[in-house]
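Structure first, commentary second.
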Amino acid sequence: MPDFVQLFIALVVAAITYGTPLLFGTLGEILTEKSGNLNLGVEGIMFMGGALGLGGVFYYEKAVSVPNGILAVLIGMVCAFIAGAIASLIFSFITITLRANQNVTGLALAIFGTGIGQFAGEYMRIQEGGYISISNELKVFFINSPFPQALQDLPYVGNILFGNSIFFYLGILLAVAMFLYFGRSRSGLHLRAVGESPATADAAGISVTRYKYLATVIGGGISAIGGMVYITTIAGCVWNHEGLSGVGWLAVALVIFCLWRPLNAIWGSVLFGALMILYLRLALPFIPTQLYKILPYVVTVIVLIFSSMRNNKEKQPPASLGLSYFREDR
Amino acid sequence: METVCAIEMRNITKRFGSVTANDHINFRLNRGEILALLGENGSGKTTLMNMLSGIYFPDEGEIFVNGKPVSIRSPKDAYDNGIGMIHQHYKLVDVFTAAENIVLGLHESGRLDIKAVNEKVRAICEKYGFDIDPTQKIYDMSVSQKQTVEIVKVLYRGADILILDEPTAVLTPQETEKLFSILRSMKADGKAIVIITHKLHEVMELSDRVAVLRKGASIGTVATCETSPQALTDMMVGHAVTLNIQRPQYEHPEKRLELQGITCFDAEGVKKLDDVSFTAMGGEILGIAGIAGSGQKELLEAIAGLYPVASGSIRYSPAGREPSDLVGKTPMQIKKAGVAMAFVPEDRLGMGLVGSMGMTGNMMLRSWRKGKGAFVNSRDPNELARQVWKELDVVTPSTEFPVRRMSGGNVQKVLVGREIASAPSVLMTAYAVRGLDINTSYTIYNLLTEQKMKGVAVIFVGEDLDVLLELCDRILVLCGGKVSGVVDGRTASKEEIGLLMTRVGGKEAE
Amino acid sequence: MNPETKTPLVRLAKREAMEPWKAWCIRIGSILLALVLGGLLIAALGKNPLAAYGTILDGSLGRASALRQTAKIAIPLLGTALAIAPCFKMRFWNIGAEGQITAGAIAASYFALFWVDKVPSALLLVIMGLSGALAGGLWALIPAFFKARWNTNETLFTLMMNYIIIGVVRWLQGGPWEGRPGSQIIPQFDSAACLPKVFGVHCGWIIVLILVVFIYIYMRYTKHGYEIAVIGDSVNTARYAGMNVGRVIMRTMFLSGAISGLVGFIVASGADNTLHDGVAAGVGFTAITVAWLAQLNPFAMIAISGMLAILSKGADTLHTRMDVPASISDIITGMLLFCMLGCEFFINYRLIFRGGKSSPEAPDGKEAVKHA
C-alpha cells in the first residue's frame, strides 16, 4: 500500500474516532430541536454524561471481581443516558412547564452541567485518591472494534469499515432509526408537527407538552452518551474536562450543518472529526494548523447564511425553534 | 324525497362575560342540503358553529346529531359524530405534504403507510373532483389548494357534516365557482353542508335554505327559492335605529385627498384594491362601508404609505400648501405632511401601539424623532398623555401604566387621541369603536365631529351601518376591492347601503 | 351536560399585574431555595452547609484582598451584561458576547504588544480601548448584517462566531504572537499597556460603573433606546412609526459588540496583562443570564453579577479550606439561575385549581369581541 493511502486510512479512522462523540451529541440535539426546543446546554449535558458514565463503569469494575466487558459498556451508556436525561428534564421543566426563555435556560444548563461534570470528576478523584481509570482489560471493550480481526484486515477498506469502536456502529444504527422514525412513523410525524407549528399540532389533538418533554429528555440522554464515548475512547478512560470542553458546542454547530437530518449527521460528524484532528496529521504550508480547528464553525456559519439567503423551505430550522407554546396566546 | 335531520340545535346560548354571543338559538340541518348561515360581522355565526366543531361548549341548550343527543367537547368528539369544520384560518404545517397534513393527529394503529394514505387521498379527490396532489408540500400551494387540503382532511376523517367558515373570503371568482361545484357534488352524495357567509349572491346561487342571525339571535330560516336578496338584507340588517349622533354641517368644504385609479396587490398577487377613485373633502366625514375584508385596511394603508400601490395616484392638497402625490412617499413623509391614521386591528395592539409602554411612551411614537440631539423629548408626550388622559377619560392608574394591561376601550382612546392630537389635515380611523360600550363610542364620535368642524378631512371605516348613516356626510361603499357606490349620509337608507355592500346593488338594483 | 368535568386539575392564566413587592418576594424566595438546594448538596458531602456558606462569604468579602479578587470577577460580568441588554431588549438573541470580548481583546493586545514603545502610556491605553471597542463592534456587526438583510438566525450565528475568534487567538498564541518559541503563550504586556489600579483593583471597575449609568440613560432617555424598545415590542409598530428596523438592529449590535470589546480590553489589559484563548472564560454566557435575570435593569445587574462573583471567589476558598471541589460554584450558580428563571413563571401566570375560585371572565369583553 502506498504511503499516502495509509496516511489517508489512518486519517479517516482517527476522524471517525473523534466524530463518534459528536455523532451522539448531534443526534440527541436533533431530536430535541425537532420538537421546537433549542437546548443550548449540550456542552453541560455531555460533561455530565462523560463524568457519570465513567463513574458508572469505574464503580462497576470496583464492585465485581470479574467484570463483564459488554455489561460495562452498557452500564456506561445507561449511566450517561440517565445523567443527560435528568439534566434535560430540568431544562424541560423550566422551559416547557414554566415557560422560561430557552436560550437563557440552555446557557444556565451549560454552566450547571459543566459544574456537575467537573465536580463529579474531581470528587471521585479525591475519594479514590488519584486519577480514576478503568483497567486495560475493560478498556478494550470500549476502544476496540466488535468485528473479527479478519474483516479488519481486509485491504484498504477493512480498517475504515470494521475497525472502529462499537459506539460508531451504534451511532449509525441510531441515526438510521431516527431517520425512519421522523420520516415513516406516525409518532415522528407528530413530533415534527409539534416543532413546526405547535398550534396546528394542538388543534389536531396532539399533546404538545408530552412530545416536547419526551423528545428533549431522550435527546439529552443521547447527547450525554456522546460525552461518555469521548472519555472512554479518546481520553483514555480518564476524566479530562479540557479535552471534552467545546465538543458540546461543536455538536450544536453540527446540527445546523447537517440541516436537522440524522443521516447527514453520520458523514457530518466524521467530517467535523477530521477537521478536529487534521492539524495533527496534515500540515499544509501557509495554513496555520490552529486555524483548521475553526473550520467546522466557519462552514456552519456559511451553511447558515446560505440556507437563509436561498430561503429553501426544506432547509430551515424547525419553525417554532426556541419559542415556548402557550395555548391561550393564539 | 323525505328530509333526514342531520343536526338539530335547541335553545343554544353562549355567553362571553357580559356579552351574549348566541341567545337561545334553534338550528336545523338536513342531509343532502346546503344551508347558508347568514349574518353581519359579530352576529354570532362562527360562535354557533364552533359549538358543533368542539371549540366551544354551549352554556345552555342541547345538540342532536342524527336524532340522538350528543355532547361535543373537543374537535375529536366532533369528528366522532361525523362533523368537520373548515375554519377561516387554516391549520396546516407548511413543510408537510398534503397527505401528511391530512393524517396528522390520527391515532390509527400500525405504522404510518404514507403510500396508502396518498392513495386514499387520491380516491377522495377523484370522487369529488378536487385538484390536489397528496405529495405536494403546503408551502407550494395556493390559498385555494390549502383550503382543498382542509376539506379533504375533514372528509378523510369520515365527516359527512361539513361546516365551512367564510370559504370564499380568500378565493378568486374562478376558484369560488370550482368550490361551489364541489360542494354541490358532495350534496348529491348525501352530505350535509353549512356555509357561513355574508355574501348574498353566494347564498342565492348555492344554498337550499338560509338561516339568518342578527346580534346573536336567530331571525328565521327560509327556503332560498322563496326569498330574495332584498328580503334577506332586511332580515340581516334589521330596521334602522336612531342613535342621535350630532352631525353639524361645515361651511367651506374643500378638496383634500383625491384618489385616482388606485390598484393594489397583496404578497400572493391577489388584487386587493381595484381601480379605486374618490375624493375626501376637508370638513366632512367620509364613511367607508363594506363587508369585512373588502379592501378597507389596504385602502387606508395605501394612503398612509404602508401598502404598496401598483398603479394610480393620491393627490393630497393640504390647506394653504402646494398639492402633492402621496404615492411613493415613505410613511414618515406622509405622516409629516399631515396624514394621520388610527387603525384599530383585531388584536387592538400590534400596529400603532407599543403594548409594554405607558401612554407617554405611546404618545412619543409620533414625535420621537423631533428635536435635536440624542435624547427623546418626553416632556411634551407626557403632557399630551395627561391631556388625552383627562379629556378622553382614559381609565389608567398613571401615564406610565402599560397600555397592554388597559381594557380595550381605553387602548382605543389612547390610539385615537394621539392621532387627533397631531393636528392632522387628514384623519383616518378604522374600527375606532370596535368592542366599545355606547358611552365611549359617543366620545369618539364627538371627537371626530370636532375634527371635521376644524376643517379636517375625516375618513371613518366602520362596521355598524346605523352609525355610518348618522355620523358621516358621505358614505363610500367598498365591495371586493372596488367602489360599488358613494351615497349621501343624510338621505341614504340602510337597505341601499346593504345592497351595495353585497354587490347585488349597483346596476342591478336600479 | 356538565362542562366542569372537562376542566383540567390545574389551569393557567396570564396574570394582569402583580405588586412589585410581591414579585420581589418571589424572586428572593427563589434565591433562598437555590441556596437551600446548594446547602443540601454540601451536606451530602458531609460538610456543614452553614459553615460552608460562611466560608464563601468570608473568602470573598472577608479581607480587602479577597474583596479585590471578587471585584475583579464581577467587572467583566457586569460590563458584558450591560452590553447584552440593548440586544435582548430588541429581542435579538446575541449569545456571541464571548467572541466579541475576545475580538476586543485581540485588537487591544495588538497595540499593547507592538505600539508600546511608540506612544505614551495614557494614549496607548486610549488607543487600546478604542480599538477593542471597534473590533468587538465589527465582529458583532457581521451576524447583525445577515439578520437585517436575510433574517439569518442570530442565535446560532453569534454562537458560532465565538469559536471562530477564539480559534484565531489560539493561532496567535502558537504562531505570530508567540513569546518564547514553543511556549504557546503570548508575552506579558509592558506595564505601560496595563490599566492602572485604583483602590487596589484595575480601574476597569470605574469604566464599568460609568457604563451602568450610560446604558441606563441610553435605554431610557435616548431616541436610540426608544427605537430599541419599540422594535422589541412589535416590529410592525416600529415600521408604522417610520423606523428603519434593519439599521437599528445593526447599530444596536455594533454598540453591544463595542461594549463587549471594551470589556475584552479591560480583561486583557487590567486583569490578565496578556492575551490568551480563555480571555472571555465563559463570561459571555454567564453575563446573558445576569442580564436576563436583572430584567435588563443596569442597577439590578450590579447586584446579580456581584452575587455570582461572590459565589465564584468564595468557592475557591471553600476548595482550599474545606476541600470541596471548586466547581461547586458552577453548580450553585446553575441552581440559582434555574430557580430564578423558573420563578418568573409564578410572577407572570396564575394557577387556577379545579373547584377553586374561577377566574373572572375577560373584564373588557375582549374574548367575546375576538370570537363573535
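For reference, chains read A, B and C in written order, and residue numbers begin at 1 within each chain.
In this text, a contact is a pair of C-beta atoms (placed from the backbone, for glycine too) under 8 Å apart; a residue touches a chain by one contact, two chains touch by 3 or more.
Only a predicted model underlies this, so the values are computations on that prediction, with no experimental measurement involved.
When every chain is reduced to the mean of its CA atoms, the largest separation from subunit A belongs to B. Across the two candidate interfaces, A-C and A-B, the one carrying more C-beta contacts is A-C. Each chain gets a centre from the mean of its Cα atoms; for subunit B and subunit C, those two points are 45 Å apart. Once the centre of each chain is set as its mean CA position, subunit A and subunit C turn out to be 27 Å apart. Averaged C-alpha coordinates give centres for subunit A and subunit B that are 50 Å from one another. Counting partner chains per residue, subunit B shows two or more touched chains at no residue at all. On subunit A, the positions that touch subunit C within their shared complex are 38, 40, 44, 90, 93-94, 97-101, 103-105, 107-116, 118-119, 122-123, 126, 246, 249-250, 252-253, 256, 288-291, 293-294, 297-298, 300-301, 304-305, 308-309, 311, 317, 322, 326, 328. Contacts from subunit C toward subunit B in the complex involve residues 1, 3, 6, 16-17, 221-227, 229-230, 232-234, 236-237, 239-242, 361-372. Of all residues in subunit A, those touching subunit B in their complex are 184-186, 188-190, 192-193, 196-197, 199-201, 203-206, 313-314, 316, 319.
Residue ranges of subunit B in contact with subunit C, taken from their complex: 15-19, 21, 42-44, 46-47, 50, 56-58, 62, 71, 73, 216, 306, 330-332, 335, 346-347, 349-357, 361, 364-366, 368-369, 374-376, 378, 405, 407-409, 434-435.
Those residues of subunit B that touch subunit A in the shared complex are 74-76, 91-96, 100, 103-108, 111-112, 114, 137, 139.
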